[in-house]
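Order as written gives the chain letters A, B, C and D; numbering starts at 1 within each chain.
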Amino acid sequence: MSKSVSPTATLLISCPDQRGLVAKIANFIYSNGGNIIHADQHTDFTAGLFLTRIEWQLEGFNLPREIIGAAFQAIAHPLQAQWQLHFSDAIPRIAIWVSKQDHCLNDLLWRQRAGELAAEIPLIVSNHPQLEAIAQQFNIDYHHLPIQADTKAAQEAKQIELLRQYKIDLVILAKYMQVLSADFVAQFPNIINIHHSFLPAFAGANPYQRAYERGVKIIGATAHYVTQDLDEGPIIEQDVVRVSHRDQVEDLVRKGKDLERVVLARAVRFHLQNRVLVYDNRTVVFG
Amino acid sequence: MSKSVSPTATLLISCPDQRGLVAKIANFIYSNGGNIIHADQHTDFTAGLFLTRIEWQLEGFNLPREIIGAAFQAIAHPLQAQWQLHFSDAIPRIAIWVSKQDHCLNDLLWRQRAGELAAEIPLIVSNHPQLEAIAQQFNIDYHHLPIQADTKAAQEAKQIELLRQYKIDLVILAKYMQVLSADFVAQFPNIINIHHSFLPAFAGANPYQRAYERGVKIIGATAHYVTQDLDEGPIIEQDVVRVSHRDQVEDLVRKGKDLERVVLARAVRFHLQNRVLVYDNRTVVFG
Amino acid sequence: MSKSVSPTATLLISCPDQRGLVAKIANFIYSNGGNIIHADQHTDFTAGLFLTRIEWQLEGFNLPREIIGAAFQAIAHPLQAQWQLHFSDAIPRIAIWVSKQDHCLNDLLWRQRAGELAAEIPLIVSNHPQLEAIAQQFNIDYHHLPIQADTKAAQEAKQIELLRQYKIDLVILAKYMQVLSADFVAQFPNIINIHHSFLPAFAGANPYQRAYERGVKIIGATAHYVTQDLDEGPIIEQDVVRVSHRDQVEDLVRKGKDLERVVLARAVRFHLQNRVLVYDNRTVVFG
Amino acid sequence: MSKSVSPTATLLISCPDQRGLVAKIANFIYSNGGNIIHADQHTDFTAGLFLTRIEWQLEGFNLPREIIGAAFQAIAHPLQAQWQLHFSDAIPRIAIWVSKQDHCLNDLLWRQRAGELAAEIPLIVSNHPQLEAIAQQFNIDYHHLPIQADTKAAQEAKQIELLRQYKIDLVILAKYMQVLSADFVAQFPNIINIHHSFLPAFAGANPYQRAYERGVKIIGATAHYVTQDLDEGPIIEQDVVRVSHRDQVEDLVRKGKDLERVVLARAVRFHLQNRVLVYDNRTVVFG
């Protein structure tokens, strides 16, 4: 964890592996007066890819913010690099999608208020009305958009409109028990979901019931980016808890809630710290 | 864990739930002078089943061993109970099936010698010759029975013959990379297998490769009784270990070996202590 | 976990180990028409103690509630047994002591509202005013009793008075950063505390700072009953989380909060389910 | 984990934090034709220290091995950097100190033979004769040097002489139940110990007995570098396992053995991969 009073810039870079990448990137920052406070690199020899995260203090950096991207592109282009540039004082805006369960929603709102998540949360969307009181308590707009098979396309269009209106950067599916359409995901691809199983075990519906029936001794939860294939997106974080023959389905649900809360919160925090790089349906989570 | 200098008897019982079961079973032991040193009970309300493990000291028990079963059957019959009776000084005989990997074999033999597994291990069977030196070092007979598609039935017949000849009570598949036929399992159903994944995730072949490709953040191992459906038998024990993007397939294999060793050893120990009761393709592992 | 529509009675019993205990206790229940739904027993051979938890349905039980204790005492007395009798529909009343940190308080209140904790929470006491808004939101009385060295005795007297007035059964110290006097504990001994370390490591003040300085790779949290010796009471539950060199003290604090919440909640739940039996400054937590 | 067919060089560097460190170090390697395959950096803002591990392929590197150190010193000196240089094909030589317990010894030897530990193990020293057969089985010299209070200094002098004679780089205390003198540690400071508790809990003698008496719900093991203060050296790795009231001291010992094996093996592997950097009695373990 880097500690820094001044704002920082972070580059997330992936490119074909080749000699001199660390030097070229570090020189770009150093020659412009930047002080690197975090650098982590991973080489995937199987994929032939170099992946890195590099963060430096903007104080004393000679390039104005609006020029950094263009300047770095001159280096990135010949390296065939894909890259993202983030500034630590640009606070992302999050929308949370929920159904009826409140544990993940409450947990995220509590963490945001406690300063654990560097983000604003101006919008909650639900297909049910139950959690509106929580939204009110935190002074967040709550939009109730019920979904039936025949209204789904129209309601998703409204959801997309809300995302634009609220200038949302990230959607969190905090136990939103609906499947988003491929079209929605194509229009807004920055989505993190929490699935209540240790994927790929028990993908799909009723994972706790099925875990109980299979007689597993450990259950899990998985936070992942949402892709068009349900429960198949890149995994950001997972964790598990032990269960026994004494645990009925309702006990699995209860124990699972604690997992879901903490696994989702960790994944969101990694994302907000720009520590997650996706390639080949996998993630690098930089330390 | 019960500590006892004198030998003990253990009853594992399952029967339809009804009033008075604990009293009837405890009275049977107490009225014959037995001192109960462990009793644990579980009621599965969904299945309507009462399941219990009860262990008592034979010293001072009025019934001779050879009569205990018949005497208890008089109580069990009207309760429609299924039960097993075990004596702690009847040392089970184990055979270990291996292929080429030595880590689980070495670990089991080391534990047996260290007194962690109350069993004899007179027989090792393999479809490969590589591990014979380990067998020799521990003074255990090693039978090399190569398996091809067209020789499988004949070789399994020889295996079954060896099980009879060596009076084997339990077979452990310690990374035996062959599937046993339904016929084999029907003839000898006491088999524990270690699968190198967190079942039901990555059932079947190459679980580490597939775990790597899916990009999971945690891998696992599962010890289960073998049934005719591959990797579908009742789970006895599971455990997991965290992995990261830095771990290649070979690292998953290495980390997994440590899991496989300890998960298999725990499951075998539970079994040998008569703490495992199977019903509905699930296990109760009494504490 | 026992599932039961009708109310149940639970006996927690410890007595010198001797022949026939299970039978005598089970007969007491069976002969009065009770249906046992949970029975678990532990024998501590070192201490020569038999410890058990036995739970049965009151529906169909022939003894009226107010007589059960006296009737059982006739059995318990010759066995030199210590015992507690609890009824599942007698809802305990909890008071929560806090200082300024809200994570454990919020978590307990959320769980109580979600039905995870079978208790009422009518009272919150704090030496600081900050958390009053949370109390209001949950409609719970909040008493602000500031503590200085010279006012401590007087304020504790007021606290004891509040415990009487609100008919409190259990006090939870949910990050109450004050040490209770021996006199307080003597007057009201039913107290659960959460300590933010893996006891006995880092007992006392500033455990996260000291864990950081020692360079540990794992941190923990411990829920225990409060005794007159600070941080020395019987441990109910512990859990841990991995940390690395990248984690500063503030990261340990943040990760620790997640541990504290879940460890405290589990311990309180075990207590409320009458699953915890204390002897020799140790606990048995029945499964 | 980096995968490389050609040998690599690794620099472990710590120096006061300042601008341009990553660039200067990366340039040194790149300008001499090196291909970096692993680079990880940590800044300890509290200590004001920059710490890094950088590994590159020697194939194609322009500087001969024997000059790399001197060449890098020209860069390191003005930065006030402390550094170590390691070559992946220089196989370290390990000596193992044991007493009577064989589990860690067996485990290390098995891992070395399985290729998990890139080291030679030519020497085992013990104050007891019991484990000589294991040494013979692996063709390793075994020196039995009994220790009494009045012979300790003389025997340690012999041990030091053996370390010189066998050209040992690292000593592993694999359950060596003796305390090394400050003088020994001063003469040979490269020592890894496994302590059978979750340090700093239960430092010193009989940790399992004391863990049992304290009634902890989790036990641990700790691998650390040995310093003159017993059990106070920099921690490399720790892990834990859950225990219950059913576990007697002998069960803690048994469960602890599994922990000790795996924790010690991980620490030794980290060390052999030159991933551990010590400062301020702490370790950075690079990913």
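The working rule: a contact is a pair of C-beta atoms (placed from the backbone, for glycine too) under 8 Å apart; a residue touches a chain by one contact, two chains touch by 3 or more.
These numbers were taken from a predicted model, which means no experiment stands behind them.
Q: Quick check for the class: compute each chain's Cα centroid; which one is farthest from the centroid of subunit D?
A: C
Q: Rounded to the nearest whole Å, what is the centre-to-centre distance of subunit A and subunit B, using the mean of the C-alpha atoms as each centre?
A: Computed from C-alpha means, the inter-chain centre distance equals 42 Å.
Q: When the centre of a chain is set as the mean of its C-alpha atoms, what distance in Å lies between subunit A and subunit D?
A: Centre separation, subunit A to subunit D: 37 Å.
Q: Send over the residues of subunit C in touch with two or more other chains.
A: 3, 45, 244, 246, 248, 287
Q: What pattern do the touching chains form: line, ring, star, complete or other?
A: Basically all the chains touch each other, so complete.
Q: Can you name the residues of subunit D that touch subunit B in the complex?
A: My answer: residues 1, 3, 102-103, 106, 110, 114, 116, 137, 244, 246-248, 250-251, 254, 258, 262, 265, 287.
Q: Residues of subunit C touching subunit B in their complex?
A: 2-3, 19-24, 26-27, 29-31, 33-41, 43, 45, 60, 242, 287
Q: Flag every residue of subunit A that touches subunit B in the complex, lowest number first.
A: 42, 44-46, 198-202, 214-218, 220, 234-240, 244-246, 248, 280-285
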